[in-house]
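In the part that follows, the structures are each spelled out as structure tokens.
Two complexes come next, and they have one chain in common, subunit A, joined by subunit B in the first and subunit C in the second.
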Partner chain A sequence: MNMMQAADIKEAVRQFIFSSIRLPDLGDDDNLFESGIVNSLFAVQLMTFVEKTFGIQVESDDLDIENFKSLNATTGFVMRKNGHGGR
Partner chain B sequence: MTDRQRANYAEFKSFVALNVEPFAETWDREEAIPAAMVSKLAQSGYLGCTLPPEYGGQGRDVVTFGLLNEAFGRGFSALTGVLTVQAMFSMALLKWGTGEQRRRWLPSLAKGETVAAFALTEPGAGSAIQSLATEFTQKSEGQPLLLNGSKKWISCAQFAELFLVFGMLGQRSVACVVPRDAPGLRIEPLRDLMGFRAAGLAQLHFRDVEVPAANLVGKPGFALSHVAPVGLHYGRISTACSASGLLRGCFEESIAYAAKRKIGNQTVGDIGMIRSLIARMGTDLEAATLLCHNACRAQDDHLPEVFEKTLMAKYFTSRAAVRAASDAVQIMGAAGCHGSSPVSRYYRDAKIMEIIEGTTQIHENLLGKIFVAQAGERAK
Partner chain C sequence: MEFKKVAVVGAGTIGIGVVTDLVLHGLSAVVVDLSADILKRAQAEVLHNVRVAPLLSKSLPRVTRDEASQRMALTTRLEDVASCDFVIENVTEDWEIKKPVYEQLERVVPPEVCFGANTSCLSITRIASVTRRPANVVGVHLMNPVHLMPTVEVIRGLHTSDSAVDTLVKLLSRLDKEAITVQDLPGFVSNRISHLFMNEAAFVLQDNLASAEQIDQIFKKCFGHKMGPLETADLIGLDTVMRSLDVLYDSFQDPKYRCCPLLRKLVHAGHLGRKTGRGFHAYPNA
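And then the complex of A and B:
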């Protein structure tokens, strides 16, 4: 996966987050779950979004806050699940 | 609906008309569902409706699961409770269980040889699930867990053989499969409920119950954020569709009564005020049907917005069912107040729908927050 594809993933995740929660100034590494604005509903929505959009399965071993805590973390997780390494 | 979904729905309604509706009043009065009825559900494949064929399930889509619950909701809501909690347990395990856990438990759940229950609610933690007091302790990772605490209002717990129990392991929430025969588990039936009287509710008391670490479902720390929401999501789909079925029951009973009951030289249905009640009921039924179908379709399409669509379906149908049941009793008068009329049972059962799998107020809080956030997005 080249950098453009990584950028596409990040943009898609960003759009999803913006459409779900009110965080207009969200930075790429800002911690979503420490913001206090998201709840468990958002956690499963985000999981369903990445599964549907990127054709991956989030499994029990993937349950790690580090995988979903920020825009960059989620992008890195999707890339790793697709076998492209990197964080 | 596809032709296949339509055919399945006809089969479900036929099953309910033959095997459920004639006995619902008795089961409600006796506060019990006969074991033979649960066996029939199992033999028909209804307890493994959405589980994949690789585990022995029917592999049906969620629209079909919704239609199954709608049909049973028309017949007897308490029996739908078995479908609800079986799906809550099974789908949470399918999503978050290890390969070994799936192979161990899903085949018997799919065949209905094992009936399960979802043990989340506690005497002091209903809507506030973050306040769980049930405690797991463990000497070190991989060692067996010791479980202490209490769960209350657990549907089907009177006869379930497996429980998915939620609690805290230190500061981390965990979900753990606990078998009925675990030493130290005492099951206390809860009787004399207003509605869902035959749903087998019980209180569970755990005293130093030892559970293998291999029974933990999902990673510690994610039980409330990821495991429970999957189960509750299926619970909401089931409850929404069941409430829609109850609403249909209110509507069908009301129009049949209004058409034949004479008052002087006119029927009840000739009275304008009764027509108003029926108009609202019929329109609510149409809206409920569409909202439920929409939510089920979103689940089949694995859309992220499925959660809010399901919240809306459950929120609307449960409240509409309460209104419809009240109006159905009003239309039928004294006849509707007697146990021989299903609407008296609908009246009691409908209110339960507004409480289980998240109260109306919890739904309003979640949906209000979602809608306001969407408005914020549009304003950017």
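And then the complex of A and C:
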């Protein structure tokens, strides 16, 4: 799983979001929560998906909506947790 | 008044939310339900809620799993709430279930302790009538998810004393919640109105006037609501919404509260909303 590239991670996250909510489109930086696309409870579903799919442990300090607010933010978070560079 | 220990009777959706809120705010809870299995599930859910709380709200206190566990005592014996400073009752919204719970609570809890009746529709005056402490029975309509909702509808029954209302308001303030205190008639303010919205939205869907998505989008995009009526019903649980409508219909004998057949059909099909993965909307990843 560590070998996954950003594009693969982003695609998996995109598929998860589209399987959860009906959306015509979603830009890489569209803020899921501020735009009202989903309510904040969806962040928990997204976090659970990320943990299960990418085999990472979301720690207490990671529990920030900023890490899950968009496709790019979630992908960047997974990459960092897998040791692929800093912020 | 200091709240050392609060009894939470009924560990369903709202009861779990109440326990989550109590332990997040450093209070201890004695949690009562019918079986060890129910309590075990409730405990797991509370611990999950506590863990993910920072993701949902920056203002909620951060509490470790161990701290949360230590603040929860689980029991199937109602007698174990005898030493609590306040009782919040959240059992199923059904008079035949609530009534014996209050009769039993009356026997085991000292008379000076207040009962907070967490009900979405039943009259607080009626609930108080089966106790010998009607002045110390006060309605507390907590909204779901309890630990994320800053405001609570507090209901003053006909005999509810000022001091019982004050005690509850203090407890709510300890949970960083504001109270709006109203008088007592079934459904109070919130559900008497909101359930008409949800029920009529179900009728609109049944009549094929619009899709569930469109109905909710109109409320969100045109009215600025955070959630549409069908999403809200899914979050509450369609079984609870149906029961509340039945209580309102029964209480007012007014046909405007008759439950939409589509809503009843979904309940009978086991599509209870978010908690079962399907209601008016589907929640494949819930």
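One rule holds for everything that comes next: the second predicted complex is superposed on the first by the 79 of 87 C-alpha atoms of A that agree within 3 Å, B and C clash if a C-alpha of one lies under 4 Å from a C-alpha of the other, contacts with A are read in each partner's own complex, and residues count from 1 in each chain.
Note that a residue touches a chain if its C-beta (ideal position, glycine included) is under 8 Å from a C-beta of that chain, and two chains touch if they have at least 3 such contacts.
All values derive from a computational prediction rather than experimental measurement.
Per the definitions stated earlier, placing subunit B and subunit C onto a shared subunit A by superposition produces a clash between them.
In the superposition on chain A, A:Ala7 makes contact with neither subunit B nor subunit C. Put simply, more of the residues of subunit A are touched by B, taking subunit B and subunit C as the two choices. In the superposed model, A:Ser19 lies in contact with both subunit B and subunit C. With the contact threshold set out at the top, residues 16, 19-20, 22, 39-41, 43-45, 47, 49, 60, 63-65 of subunit A are in contact with subunit B in one structure and with subunit C in the other.
Chain contact summary for the complex, subunit C toward subunit A: residues 51-56, 62, 145, 148, 213, 220, 226-227, 283-286.
Within the complex formed with subunit A, the residues of subunit B that make contact are 96-98, 217-219, 221-222, 224-226, 228-230, 233, 301-307, 366, 370, 372-374, 376-377, 380. Across the interface of their complex, subunit C is touched by residues 16, 19-20, 22, 36, 39-41, 43-45, 47, 49, 60, 63-65, 68 of subunit A. Here subunit A touches subunit B in the complex through residues 16, 18-22, 24, 39-41, 43-49, 51-52, 59-61, 63-65, going by the rule given at the top.
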